[in-house]
Amino acid sequence: MPEVWSAPVRFAECDPQGVVFNGHYLTWADEAVAAWWRSVGLPFAETGVEQLVKAAQLEWRSPARHGDTVSVDAELERLGRTSLTVALTVRVRERVSCRVRMTYVAVADGVAVPWPDQVRALLDR
Amino acid sequence: MPEVWSAPVRFAECDPQGVVFNGHYLTWADEAVAAWWRSVGLPFAETGVEQLVKAAQLEWRSPARHGDTVSVDAELERLGRTSLTVALTVRVRERVSCRVRMTYVAVADGVAVPWPDQVRALLDR
Amino acid sequence: MPEVWSAPVRFAECDPQGVVFNGHYLTWADEAVAAWWRSVGLPFAETGVEQLVKAAQLEWRSPARHGDTVSVDAELERLGRTSLTVALTVRVRERVSCRVRMTYVAVADGVAVPWPDQVRALLDR
Amino acid sequence: MPEVWSAPVRFAECDPQGVVFNGHYLTWADEAVAAWWRSVGLPFAETGVEQLVKAAQLEWRSPARHGDTVSVDAELERLGRTSLTVALTVRVRERVSCRVRMTYVAVADGVAVPWPDQVRALLDR
């Protein structure tokens, strides 16, 4: 999996236990998925459809702390007719901090629609 | 499932799509699980162990927006030897916004340990 | 000053020093100012203009912690032709945690405009 | 003023008006001040005292949006016996987005204390 996004952990992201609060992993996942779309060759704004988050699964292995830099790898795990799932791994150097799976649905005018052909073409490569 | 936590959606929790950004559901889940522990009759600080988040699963059904008040129901879904899973439902009035499943492990001195007997006794009731 | 907003401090709002991170006071101020507008008798959406934050001043006196409930008082401090300043006090029970001064400008189509007469009438009372 | 910190704006930092919510500027200011301390040649952890935020002043000139990269310049504005003020400018490219002034007090064991000599020596250069 290629690295798509990286950032130093912010002090404000850490909680009284001294580690990153769990909700901030979804902020990072959001930025990483946007970067993954760009790496695929497709600014998401040009797909003609919107993507909505349908589901998220997170599994923590080890904490991230202030002073750490986190990096996120991403790859397409599954492409459905109207949905897709991206698998992400958040690491602190080599150490895995969290595995995240984000599932999106393609939406146009508020209704689930099939992914446009040009999106499928890019993702099927 | 009994309601354990409720709050008006904050403007700062909403993103440019006009809906609550997905990561904030984990902030709400965290507060709801803390309230659920209190409702069980057990201030968590007194269990002798710490709980660490091990996994989170979220499945969105409909958005929450500024102006909405969200309420969260919670119930124990599974009690393992060293872990437990709480099932939560985030609602806007009757409408389900998100189902969340939080899994925790009991930890003492950084190592997973069995839940103390007084915790099990309260949860097995 | 009347209390316009109140909420329990959230765990995720607290940082590794065990106190609320300073930026979250602006989230609270935002909610409190919205509540103040409602208390004035004016849902802000109906003023015909938008308000934009122009400046914020915060002065901390004592920390807020997880377990505390913060309450916020608000009153109009100054009404200008196109701007207004709201003075807020964030308290934990009787203790002052932070004094906040928020200054807004009235904007229509991206340009500063005088406050509409019906806004002035409500605020001059 | 030298640039001390920079980051792409995150989607989750933007609100329904499409611009960065004001509170996040304090998160950026916090990271920028930490970077400024490092640039001064002084890891703050080694000063023997803690710094606490005493006051913050923010004045917005123009919004930052998703897609923008913000950069922050910082310089010492005033060094008092027990306090200091850092002046920061948040920019999107050349355009000023916000001017921030952060005031800290030196604290040891919860009481305001004079800045240690080695801190003064570094800052007076």
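The letters A, B, C and D name the chains in turn, as written, and every chain counts its residues from 1.
Throughout what follows, contacts are C-beta pairs under 8 Å (C-beta built on N, C-alpha and C of every residue); 3 or more make two chains touch, one makes a residue touch a chain.
Treat the numbers as computed from the prediction; the structure is a model and nothing was measured.
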Listed chain pair C-D, B-C or A-B that repeats interface A-D [over half of contact pairs the same by residue number]: B-C
Interface composition of copies chain B and chain C: same or different, split at half: same
Approximate Å spacing (C-alpha centroids) for the pair chain C, chain D: 22
CA centroid of chain B to CA centroid of chain C, Å: 29
Whole-Å gap separating chain B and chain D, where each centre is the average of the chain's CA atoms: 34
Residues of chain C whose C-beta touches two or more other chains: 11-12, 21, 23, 26-27, 30
Chain-level touch network, classified as line, ring, star, complete or other: complete
For the chain D and chain B complex, residues of the former touching the latter: 11-12, 14-16, 18, 21, 23, 66
Chain C partner contacts - residues on chain B that touch it in the complex: 7-8, 10-12, 26-27, 30-31, 34
Complex interface listing, chain A residues touching chain B: 21-27, 30, 50, 52-60
